[in-house]
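Structure below; questions to follow.
Naming follows writing order (A, B and C), and every chain is counted from residue 1.
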Amino acid sequence: MATTVYLDVRELKKSFAGLMATNNVSMSIDRGEFVAVIGPNGAGKTTLFNLITQFIKPDHGAVIFNGEDLVGKAAEEMYRLGIGRTFQLTQIFRTLTVYQNLSASVFAAYGKVFNLYTPASRLLRDKVLELAGEVGLSGQVEKEAGSLSYGDQKRLEVAIALSNKPQLLFLDEPTGGLAPDECAQIMELVQRLSQERNMTTVFIEHDMTTVFGFAQRIIVLNFGAIIADGKPEEIRKNEQVQRLYLGESCR
Amino acid sequence: MDQLVAGMVSGMILLIIALGLSFTFGVLRIVNFAHGALYMVGAYVTWSTIARFGIPFWAAAILSVLCLAALGVLIELVLLRRIYRAELMMQLLLTFGLVYILSDAVKFIWGLEYHSVAVPAPLSGSITLAGRSMPVYSIFIIFMGLAVALVLWLVLNRTRFGLYVRALTVNREITSALGINVRFISTMVFALGVGLAGLGGALGAPIIAVSPGIELIIVDCFIVVVIGGMGSIAGTLVASLLIGVVTSFGISIIPQQALVIPYALMALILLVRPWGLFGRAE
Amino acid sequence: MGEKVIDLRKELGVLLRAKWAAQIAAILLLLLLFILPFIVPEFWLFLLCEVFVLALAATGLSLLAGYTGLVSFGHAAYYGIGAYACAIFLTHSGVPAWLGILISPFVALLAAAVIGFFSVRLTEIYFAFLTMAFAQMFWVIAQKWGHFTGGYNGIVGIVRPGMIRSTDHLYWFCLIVVAVCLLLLVVIVRSPFGLLLRSLRDSPERVRFLGVYLHRHRLVCFMISGFFTGVAGTLGTLIAGSVFPDSLYIWKSAEMLISILIGGMYVFPGPAVGAIVVVVVNHVIGTFTEYWAFWFGLIFVLIVMFLPRGIVGSVWQSLKKQEGME
């Protein structure tokens, strides 16, 4: 299979007030890979995501995606380029219904955000319901997002991140705070969608069961630098990594 | 030179009042729109106790501070307790309702006329300083303003109460978990802030007329607190003097446009450095 | 997975019925208001005009304050600019009356564009203070630019164009203009743009990752909001036949915010209902005592303390609870 490098991260560096949060990180990810990024708290995983998606500007380095360097672009441009992400603390629109959350995303995907006259509840209805169906929230579209169970909120966030049919998806702790069966459900959902669409997925995760259960490749971060990068079996045997982790379970 | 002194005097009065506002915000995160109205109450209390009971000025001033502090306790207990966790705008507008209540109450109790308070005898007259003749009271005010700022700083940084207040500012929950009575301290902080408004009202009475409408000083307080930085004593001091002096000079040089200057400065600071000259970015 | 999509709209008993009831009530109210000039004395018509104007001003503000979460403390600026523009067009200039009236809200729109451009970069308290500072600057300018604005004394003796000179005609004019404007605002609020505004309020971060530039949306919202409040100001001048610097002062901004808080910040009819309460309470109290501000302040404080969501907001919230949505 031709392996063209799809996401090429080169020598990313970032420091905050003298502290090196991201220390010369380089990695190459191919199309369709399902990669986990792990590391202890404070290792710089979320910062790495923020640097790649231009939520924070790197001090140095390049992020080549589909031939374009993302560094220097606005975070707002990521969506149009086909990149999606979720956040550690679910960023959904709490006072809006699930339907409204999804339709806001769909409107964004179809460039309708400055439409001042069409009733929002009727525009692109089929696309909104389709999106709801993809994550299994069809039965709850009229519920207020803030009142959803935590697991469903996570699903909603994944749905919003999928609204532009991204080719590259970043998930920041998609199973954070979930019960074991919910963890598996959401990961299976993401895995299935990735396979169906040949979507490249990179996810930050703390729960080792999830990581070893789903990842095709694992990147290990510590103090802002990559200390290991390879297939799950290799990582499992890696001494450095073993020292770092004493084996955590889901929550 | 006269303008400089006059500007410093009005700046100092503003300082005393604005310190109360800044302090309240810095600790309790409440922007008290009624602070100007409370200053007005202080001025009226000072005037009416002197006019009706003939007590000396210093006694009236102390009475004003105590009355206002008591009023502050009442307001905090009845009103503010309920809205600490509410949105900022709710707080702002609730205290705005207080403005309506207080300013009409003042009109009801004391009428609509202008009143004035005589400069207390020991402080009247003028002395010659640096070759110019200056009212003694002006010098007294400048001294008082600096004294109040200094005392407030000392209280905050050198007393146990101040320590608790600073702890509360940083983290309310943990301070409470340490066994410190956070509610009591909050009430005291607010009372102190309002007391300062009362002090400003008393000290300002001989200089500024005692009449309906003086509650509008709240707008100047906002300007000072924004420019200086909310919760900063040094900032409030610098900003008050700045506003006082600039306005004073402005009025004598370009009387028509001078009043725009404070607002323009406020807008400028907000655009360039929103947290004020001495504030901290949040 | 393929779950069956349940069309829950049919099952939304309480909420949907409430919305329909409100819409029908609004239409009936509109009809009633239309025929009022044949029934009630002139005084009532002027009172209602005041209500219409404040309702529009407050609803215009709530687009920015409630739906987008940017609480402007200086919205009197657009009210006042709309009011002054109308006054100046009708007196000084050689511009035909109706053209002047039509252009006035656009002057307010222009001011909103400029001020909004600077203001939307800030949030929360800083936004409130900056909008307040700008409004105060306009207030000072209005007082001092006597030659143009009449200074402290404002502009008086403004004569309305012939077609709306009589009270009845003025009333119908105000009613139609305000009704149309409110309708436009409803359309905007229910549009994708309106939805994005609320999304922006709830999670600016997420909205950025949907490719939406925050400042652009906020600025457009600011401008729309300023425009409609400017319309209210224009009507205000036509009703009163005069304009004073007061129209630009903090009390005016506060009046709009108070209406929003009394009626409810997050529901569309809230500000309008709040406006009714404000105007009616003030006039009613005003007939009994000159100390209306005291009672008004007291009522306002009590309402905010016990009904933090406002009158309409509290009703809507209890409906939602019945529905099991909260």
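We take it that contacts are C-beta pairs under 8 Å (C-beta built on N, C-alpha and C of every residue); 3 or more make two chains touch, one makes a residue touch a chain.
These figures come from a predicted structure and were not determined experimentally.
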Report summary line: When each step joins two chains that touch, the fewest steps from chain A to chain B total 2
Requested in this report: Could you tell me which chain lies farthest from chain A when each chain's centre is the average position of its Cα atoms?
Outcome: B
Requested in this report: Please state which pair of chains has more C-beta contact pairs than any other pair.
Outcome: A-C
Query - Separation of chain A from chain B, taking each centre as the mean of its C-alpha atoms, in whole Å - result: 51
Query - Centre-to-centre distance between chain C and chain B (centres being mean Cα positions), rounded to whole Å - result: 33
Query - Chain centre separation (chain A, chain C; CA means) in Å - result: 41
**Report entry** Contacts with 2+ other chains: residues of chain B
**Finding:** none
Requested in this report: Could you check chain C for residues that touch two or more other chains and list them?
Outcome: none
Report summary line: Seen from chain A, its contact residues with chain C in the complex are 53, 55, 74-80, 84-85, 87, 91-96, 100-101, 103-105, 107-109, 112-121, 123, 129, 132-133, 136, 138-139, 141-144, 147, 160-161, 163-164
Report task. Show which residues of chain C lie in contact with chain A when the two form their complex. Result -> 1-6, 8-9, 12, 187-188, 190-196, 198-199, 201-203, 205-213, 217, 220, 266, 320, 325-326
Query - For the chain C and chain B complex, residues of the former touching the latter - result: 65, 71, 73, 118, 121-122, 124-126, 128-130, 132-134, 136-137, 140-141, 143-144, 250, 254, 257-258, 261, 291-294, 296-298, 300-301, 304-305, 308
Report summary line: chain B contacts chain C in the complex at 31, 79, 82-83, 86, 88-90, 92-94, 96-105, 107-108, 219, 222-223, 226, 256-257, 259-260, 263-264, 266-267, 270-271, 274
